[in-house]
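Read through the structures below before going on.
The following pair of complexes shares a single chain, subunit A, combined with subunit B in the former and subunit C in the latter.
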Partner chain A sequence: MGTVMTIHDETHDFQGFLIVSAALTGYDSAELQGTGCAKEYWHQFRQVLPKEILTEFLSFAPALGKKHEDKIIRQSYLSDRCLGPVSRSLIQLWYTGQWVPFPQEWRENYGASRFDVVKIISTRAYKEGLVWDAIGAHPQGAKQQGFGAWSLEPPKQRGAGE
Partner chain B sequence: MIAVTDDDRTYDVVIVGAGFAGGILAKELVSDGHSVLILEAGEDHGKTWETYRSYLDQYYLSLTKTPNSPYPNLPTLPSPSVLDITAVHGTEPDTNGYFVQRGPLPFGSNYLMAYGGTSLHWLGTSLRMLPADFEMQSRFGLGVDWPFKYEDLKSDYERAEWEIGVSADAEEQTPKALGIKTSGPNDNRGYFARDYDYPMHSIPSSYVDNFFARADGMPIEIGEDAGDTVHLKVSHTPQGRNSTPRRPKAARKILVGGEPQEQFRPRGSTGPFAFMGQRCEGNSSCIPICPIQAKYNAMKTLEDAKYTGKHRMKTITQAVASKVELGANGRVSGIVYKKYPFPGVPQYELRRARGKQYVLAGGAVENVTLALASDICRSSGELGRNLMDHPYMMTWGSAPEPVGPFRGPGSTSSYANFRDGTFRDKTAAFRLEIGNWGWKFAAGAPNSDVERLVEQENLYGKALRDKLYHDVQRQVRIGTLVEQLPRATNRVTIDPAYRTPMGEFRPVISYDLDDYSRAGLAASYDTCAQIFQRLGIRNHTAYNPSDAGYFTYEGRGYTFFGAGHLVGTHRIGTDKHNSVTNDKMRAWDHENLWLVGAGSMPTIATSNPTLTLSAMAYRAARAIKTAVRKGGAA
Partner chain C sequence: MTSKEEKLRKTRKKLCELLQDALMLELTTIPPYATACYSILEQGQYDRSEPTIVNAEPIEVIRQVMVEEMLHMVLVANVLNAIGGKPELNNPDLLPTYPGTLLKGRGPTVHLRRFCPEQIKSFRLIETAPKDTGPAKKGDYRTIGGFYTFIMLKLEEACDVFGDDKIFTGDAKRQISNDDYFGAGGEVIEVIGTSTQRRDAAMAAIRKIMEEGEGADMGDRAGDKDIIPGPEGREDVAHYFKFNEILHSRYYHPDDSVNEPPTGGDLIVDWSAVSPMQDDPCESNYEKAPELAALSAEFNEAWTGLLDGLHIAFNKDKSALRALVPNMYNIKFLAQKLMRIPLPDGSGETAGPTWTYLVKK
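Entry: the complex of A and B
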């Protein structure tokens, strides 16, 4: 019974993690899971955050995707002294596959984790960084576009003309 | 006294260094029936596909994707890293990295000690020099003349272009077609032999190149009189990466070094996956690693040598050449090397390799430290002097529209207009290379853009995504490669105080930019600024006095980097007083010793040195073959 509850909770929390990630990155939950990195990032995220901060971080998930999303993101996440640095590291994790450690001040206030170090999470994380899609290119050294593709007109901005 | 174990076998030729020059020499010599031993200090990166793949993974995981980042940097065998470059202050040398930097400016270039050498991370640029580049003293009263002329190297350029597999079209590459106003009236005539062409067609231009080509025809004043004005032209850069093979016209085959050739067959990866890499696929990571080896590397030529040579060809990796030993009459009698079984562990066995002829092919710096440590090649006093590079300066900006960066090879085109001209009596010549990877080298894009937009501009979500597209799609960058003159004070020395954990001498480097090069850099900056104005590019270039390579010229500040083009430390020449070797690269002081590679070049001019050093390797190979046959007599 207890085990089932844990799995349920983690799944619930994981869904919350994806919802907040989607709002912060501008990519929807399916796109984020499509990178194949969601579980790795969720693992990293739990390793660096104390439990109560993680809980607070996820607590706004149900309110996202509705009318006041921008206000919630800016007020409860980006400008919050605790959740602001957390959010910014998470955005950069999704975009570059690289964990950006929290500022020294944050560590002093909320606790330092030995997993809070600069690193590229995995070779897959490098290749799946959202930045490559966002800039209309491909990860350097992977997902090559083919001979002469560099001559073609660059892709249009996503969503342009919608 | 530590005992030195002699190798069982005596070879016709012992070569130190498995890079561009060593590979070509080995292939040429074994093809002619001679036996060859190559001593390589580094590890064998190409032995198995897994090894090469592991370097690709290392690249993905490197936080700073520098040229050497995919490859191991062993305590036993440190390679210079661009991350070690800092400003040199006062009289104390900077000892951060492998190089001991005495300044006054830091020498910013690196290389790689490994099987395949720096060819593992080169860009692939394969330019011939221009006729004027061989005659700097006669034409401009600067530097030195080469002991031979362009015409004398022409057929070896052909051989090197077909060995490397260079993609370009000859009709686009004559000085005239490139828009160069040459300093000599006949420099354009016969630049390519009549029945010659490159093995593969040009690599397609990038979308960025075509954006810059909109400024073609724009007049730029470069010299003092109006006759010097050149008209801008974006031109394809010849590149050592696989493109579409040229089909020879049925009746007239392509003559390469006088030999008719069948259609070129692009060579892909080394090892078991040879079907990969027969075309460039646009991985956009040539520096530091081509995942499919569509870009040439010396392992391809070395593999040919092994296949051709069979038992005549032997390679020993993890073997650091430590001393060149002399016997009677100044002849080399052996090379002592340190064979280390475990990469990274400074524990080794001392061995001695023996041959009839000996070749140092370890690059312009390593050849010198080995020769100095062995106290050889001293009579001219030129050994280690005249170190040159292409001081590399960047200008970058935002184009008025998306230009599609971060796709394709690092650079596919350049403005070659400024590679020669009568202006060269006062101002260094230069080439402007158009970058295809946005502000990657200039500012660490695109990761730095993510950081800036998230941490400073407080963007998130779709606004962040859209701004990334907006900013990065408009990133353009031009790199200037300016020539340096040979200077006795720009030099590599050794000092017993500075050694590696293996006990080898670390290179001690003194380096500066003279006013000639500074004038070229200043002129190139002004040219780039004009191009930006013409194309509506917002100039974001910023040079900071705290940059390691910051310098000033006529009251303005600029920042330069190294180009990785290490040239000139054991130059060829006409006699033993002005040079370390003769024009065939045989040491004046030791009749069975040869020093090859870019260190042999008396001037650097504006071409990336690889093609020239490769062509010169053919020249040396012929002379070494003769020497082996004659038993080494002069």
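Entry: the complex of A and C
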């Protein structure tokens, strides 16, 4: 019974992680899972954050995707002394596949983690960074677009004109 | 119209229909092969710091088959254009859907499935040579090889009855050459020249398709006489044997007998390093997941663009072929993306591409 609860809670937390990530990055949760990196980012995220901060970070998830999403993102995440740097590292993680460590001030206030070091999470993480899609390019050295792609117009920006 | 002219008209129409069916037949095999190929996880599951490509060898084996199917499409289109037909690539009434049967119900059923032994066995079945071409020559074909045997027979018959010049009436400008084609899977055969030369070229094109496919009439050898480009200059084997290599985790030696298992070097296969894609993905699975439906639509737009582009290349402007290369890469990346996204039903299976042609409204 206890095991079942843990699995359920973890799934729930992972879903929350995806919801918050979607709100912060501007990519929906299917797109985020389409990178194939969601599980390893979630692993990294849990490793660097103390449990209570992780809980707080995920606590706004149910309110996202609704009317006040923008306000929540600005006030509860980006402007928050604790969650702000966490959010920024997470955004950079999704966009570049790289974990960017928290500022020194954050560590002094909330504790340091031995996992909070700069690193590319995996070879796939580099290839699947959202930045490449966002700028209509491909990662250097991977996912080549094929012969003649340079003569084509860049793909239309998602959401352009909406 | 005299009765002979009427007979010629009917014969030409029948030949065009057969070759159009052949074109769709080649096309039908590509989505299942591509889906299985793209479901293989390239990397990221065992390695963190040391990149290795898991299943690099089966990926390459399937890819080689796939690009040869593309070449076969070009060859069939050349023959069809040579006899004055119009290759149709974007007619939704003719395009394949999955699961579906080959040869209008006479051949095996094909599914869209992830890379797994059952699927590779079904690929092997698709590429199986007919034991006896006797029934096929009478029109009772059940295999791809049997079907082409029948087409060759009908084409020869028509040429003998009406004369090569009455059959090969197509516009030479429509012939795809090696300059137009990207060179994947081998050399294109152009059906050009005098009507006799065209007849010979058409027969050579169809024979090439048969040899590369199920390896019929190869004199008990697995090799198909094509040399795989590369430092070793290894002789290629027919598709049937390529799929058998994956199932046996062992490469063929070109001189291996077709009736014996392969005896060449090791081919490493890891059946577990595969996306758990649902069998035969369909749009109805995405009805309750609008984000997935959007990605599926994006994939189908790319697929539709590819088919429309091929139609233009075969009927109007050959140079359209080149511009399709980036499109094909896009299809691959979108398919891989879909296959990483779990379905909302909690089954643990992932979404996958449906390969649906989107009809313009």
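Here, the second predicted complex is superposed on the first by the 160 of 162 C-alpha atoms of A that agree within 3 Å, B and C clash if a C-alpha of one lies under 4 Å from a C-alpha of the other, contacts with A are read in each partner's own complex, and residues count from 1 in each chain.
Here, a residue touches a chain if its C-beta (ideal position, glycine included) is under 8 Å from a C-beta of that chain, and two chains touch if they have at least 3 such contacts.
What you see is a predicted model, and the numbers here were worked out from it, not measured in a lab.
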For this session: Mind telling me which of the two, subunit B or subunit C, contacts the most residues of subunit A?
Result: B
Exercise. Is A:Ala23 in contact with subunit B, with subunit C, with both, or with neither (first, second, both, neither)?
Worked result: first
Problem set entry | First (subunit B), second (subunit C), both or neither touched by A:Asp80 | neither
Exercise. Does subunit B (first) or subunit C (second) touch A:Thr123, or do both, or does neither?
Worked result: both
Exercise. If you stack the two complexes on chain A, which partner ends up touching A:Gln33: first (subunit B), second (subunit C), both, or neither?
Worked result: second
Problem set entry | Touched partner set for A:Ala149, first subunit B, second subunit C, both or neither | both
Exercise. Given the touch rule stated above, what does A:Gly141 touch, subunit B (first), subunit C (second), both, or neither?
Worked result: first
Exercise. Is A:Arg88 touching the first partner subunit B, the second partner subunit C, both, or neither of them?
Worked result: first
Seminar exercise, completed: So the subunit A residues that subunit B and subunit C both touch are 122-123, 144-149, 152
Exercise. Which residues, counting only subunit C, touch subunit A once they are in their complex?
Worked result: 43-44, 47-48, 51, 182, 289, 291-292, 294-295, 322-323, 325-330, 333, 336-338, 340-342
For this session: In the complex, go through subunit A and note every residue touching subunit C.
Result: 28-31, 33-37, 40, 122-124, 143-149, 152
Seminar exercise, completed: Per the touch rule, the subunit B residues reaching subunit A in their complex are 56-57, 59-63, 65, 204-207, 210, 243, 279-285, 289, 291-292, 402-409, 412, 436-437, 440, 446-447, 449-451, 454-455, 458, 460-466, 468-470, 472-473
Problem set entry | Residues on subunit A engaged by subunit B in the complex (per definition of touch) | 23-27, 73, 78, 87-88, 91-92, 95-96, 98, 100, 118-120, 122-123, 126-127, 130-132, 134-138, 140-142, 144-154, 157-159
